[in-house]
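Chains: A, B, C and D, in written order; residue numbering restarts at 1 for each.
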Amino acid sequence: MHCSALANARRVVIDKRVANVVQAVAGIGDGATIHISGFGEAGNPTELIHALIDQGARELTVVSNNAGNGHLGLAALLEAGRVRKVICSFPRSSHAEVFIGLYRAGKIELELVPQGTLAERIRAGGAGIGAFYTPTTVGTPLAAGKEVRTINGRDYVLEYPIRADFALVKAELADRWGNLVFRMAARNFGPPMCMAADTTIVQVRRIVERGEIDPEHVVTPGIFVDRIVEVAKPISEVAVLLGKASAP
Amino acid sequence: MHCSALANARRVVIDKRVANVVQAVAGIGDGATIHISGFGEAGNPTELIHALIDQGARELTVVSNNAGNGHLGLAALLEAGRVRKVICSFPRSSHAEVFIGLYRAGKIELELVPQGTLAERIRAGGAGIGAFYTPTTVGTPLAAGKEVRTINGRDYVLEYPIRADFALVKAELADRWGNLVFRMAARNFGPPMCMAADTTIVQVRRIVERGEIDPEHVVTPGIFVDRIVEVAKPISEVAVLLGKASAP
Amino acid sequence: MSAPLTRAQMAWRVAQDIPNGAYVNLGIGMPEIVANYLPPDREVVFHCENGVLGMGPMPAAGKEDYELISAGKRPVTLVAGGAFVHSADSFAMIRGGHIDICVLGAFQVSVKGDLANWSTGEPDAVPAVGGAMDLAVGARRVFVISEHCTKQGAPKIVARCSYPLTAVGVVSTIYTDLAVIDVTNGGLLVRELIQSLDLADLQRRTGAPLSLARDWRALVAPELP
Amino acid sequence: MSAPLTRAQMAWRVAQDIPNGAYVNLGIGMPEIVANYLPPDREVVFHCENGVLGMGPMPAAGKEDYELISAGKRPVTLVAGGAFVHSADSFAMIRGGHIDICVLGAFQVSVKGDLANWSTGEPDAVPAVGGAMDLAVGARRVFVISEHCTKQGAPKIVARCSYPLTAVGVVSTIYTDLAVIDVTNGGLLVRELIQSLDLADLQRRTGAPLSLARDWRALVAPELP
């Protein structure tokens, strides 16, 4: 705030493309908090996660709706022992055996957050909201220890924002300014997560020319995006789970 | 909550079209709180407002970013003496003489809300948030009497949602389910206001067939919309102000 | 007919109470099949909390797209007039009271409408809640669809839930294989009952006091595959 | 050259400090003309709080569209790569710290970076704040552009603002017709000064203590129409 030296501005030139997933995940340090988009098998940035496994960062805190499927993507990151804590709403999916094993062995910490509260806490982190009151969890074990306030006769629980050092997100198209569109239900946590990280890294099926995405159709404007990388044919986790494709 | 009588469900058939602006504003009662979209001259539902003037409701509370321009739309509603209170961020526009006259004469109440807090309070009203903490207004006269809380070393002011009985909104296209797209900067307060009213009434330039709006491009889904009316050639307030068109 | 309803018949019965024009969220499991029994003249919009508004039927075999899935993570389709939104907006719909009806399964429902459906509280269970708590507090009406008793014969409708709560005082109506019961300020009101039981029979299978609605009817459902 | 800067020159000076790639919001009035003086090799994205990201230059005469306006309600254009968002999302950008630089006018700036720019507090004034308070607290850096003194010659840079505050401790740098001054934890630091004044001259026109940066430079600007 109190410095006019402008050389270290976050964005030097507005070309957010990087050449490959290795460059995309550069700089993620041990102990980082990372948003990972996706719901079930839709919207998971699997190639970015595998690049992160190769990159080697440890002691991560991962914020994601689920806790991985099979042995790919987030499940593989967990299996590699890189994650200290998971903040999620539903870690007990049908193919969540990696997380479940680690959890039962006491090798991973879990913060369970209702899905809507998770989405809103992430949005709050991106929107500069200091905290908010939600009716969700009132009277349940998940409100234990939290401030409850009665507003207009209804009880609400106080919840705080969740920001991350990095967001790993999958989208459909991007231009070099980082404008994004998503595809169907793969949109899910991508847009709020893009808003709520110091560095937002997005893999997209295709990078298009600036101006090709209609300004009325942009879902996540480039202001929320730092790095984009093209992964033309991302792996389908479900195809691997169903035995229709093999893991990378 | 405790009744299985289903006859009085809010939406009986999903055809939200009404024939004209008179039907669109039916049922707005004295004392109602009304969201009115628009910023400057972009996005004002001028034809709906004039129908409301003809309809006759009084003692209204109006929530809108500005407080009317010239003698049209919201300014005309104010001039007709129908509005008890305005909740807005910038009532002192270059053509706001009607509001300014009423305010100086002590004939209208003003709640001044910073524009971002106004948008967020409306969104909170639509999203079921009980209250939220914002850094805006800390240390200023607009925080007077409000709760301040320090969160992670930063001060925030507690703000409450703003819901309305009715929202009057202008959009570009709608289908019969009420899905909306907007046009350029006329989008502004429309989407959050659609979410935050018991009855949301939208005028659009054109009603299209269901399915014509790409599901990826819908800005406000029909779930937030109750009535739509086609106004093919809405008046341009600025054209009237500039003397290029005449008032209705 | 007098036997307890099958799961398909329970889903059918719930479907009859979904009015034209409703925005409806169907929970994972038995609630999902409610969509199959919607009367064909009804226009209802199904919401999935992962951001699908206007969920349509399952795709034809071979046409599955795993980027178009339900909250239960099954491939679905989108109807004309549907829309995709992100998770924060999807839960704004839920928490903001825009979903008219949510149909949820239950481990227990209390006489006050408390719902327990996310955890049996076993110490070694991996906790998982998903969107259940948001749906339970946010939907205008919460319909519970559930067998009347557990497999062991214990009542699921109880004076006070022993399992961890999902939400407090939210359930509107309980649809079981034996009865349709409204949760009212005056207690549990039986609106429909299968013909082979009387109220005393139902009361013996229920952990909280029941009363019979003055206009109660027989709970009947068509034969369904 | 040694005269005080013209308004165009002040805007030019601010423009030089906007780095490539910045997301920038220009307040209403003098800040708006900063865009005219951006070096042509810079790619900067201008944000308007009414939901325009990627504001371009004014349209050609006759091409105005009053649904594409700036926060100052003037017709503008959109550059390739721009986007439209609604007001809640637009202020999420602002409040969430996504705007790198906001340029605002000022009635007063205090030695601690407090800003007063929305109200003179006169009893009969119609209060209006718009987006100023959100921008002042939300932007990563707040640049103030303002004449050094009022028309009556009173200092606008003061020990403590007497006008109602817009925000507390937010101003990074003050660009006046006489100097460029950083607001630092150690006080007001003069980084540039027009050649016809020395620090003592500037101090006489300023209501709070100034110190001169070790690497201070002459404030010079090209002749501009």
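Just so it is clear, a residue touches a chain if its C-beta (ideal position, glycine included) is under 8 Å from a C-beta of that chain, and two chains touch if they have at least 3 such contacts.
Being a predicted model, the structure only gives us computed values, none of them experimental.
Colleague: Kindly list the shared contact partners of chain A and chain C, in label order.
Modeller: B
Colleague: When the contacting C-beta pairs are counted for B-D and for A-D, which pair yields the higher total?
Modeller: The comparison resolves to B-D.
Colleague: Could you state the distance in Å from the CA-based centre of chain C to that of chain D?
Modeller: Computed value for the inter-centroid distance: 56 Å.
Colleague: Counting in whole Å, what is the centre-to-centre distance of chain B and chain D, each centre being its mean C-alpha position?
Modeller: About 31 Å, centre to centre.
Colleague: Please report how many Å separate the Cα centroid of chain A from that of chain D, as a whole number.
Modeller: Spacing between the chain centres: roughly 35 Å.
Colleague: Pull out every residue in chain A that's touching 2 or more other chains.
Modeller: 120, 123, 127-129, 134-135, 182-184, 215-216, 219
Colleague: Going by the touch rule set out above, which residues of chain D reach two or more other chains?
Modeller: 78, 84-85, 91, 94-95, 138
Colleague: Can you give me every chain pair that touches, using the contact definition above?
Modeller: Between chains, contact exists in these pairs: A-B, A-C, A-D, B-C, B-D.
Colleague: Residue numbers of chain A touching chain C in their complex, please.
Modeller: Chain A reaches chain C through residues 39-43, 65, 89-94, 96, 99-100, 103-104, 110, 112-120, 122-123, 134-142, 182-192, 219, 236-239.
Colleague: What residues of chain C sit close enough to touch chain A in their complex?
Modeller: Touching chain A from chain C are residues 48-52, 65-69, 73, 78, 84-88, 90-91, 94-95, 114, 119, 124, 126-134, 137-138, 164-168.
Colleague: Which stretch or stretches of chain C touch chain B in the complex?
Modeller: 17, 19-23, 43, 45, 47, 53-54, 78, 80-85, 91-100, 113, 138, 140-142, 169-170, 172-173, 180, 182-185, 191
Colleague: For a test of understanding, state which residues of chain B touch chain A in their complex under the given definition.
Modeller: Against chain A, chain B makes touches at 120, 124, 127-135, 149, 151-152, 154, 156, 160, 181-184, 214-217, 219.
Colleague: Within their complex, state which residues of chain B touch chain C.
Modeller: For chain B paired with chain C, touching residues are 1-4, 6-7, 9-14, 123, 125-129, 175-177, 179, 195-196, 210-211, 215-216, 218, 221-224.
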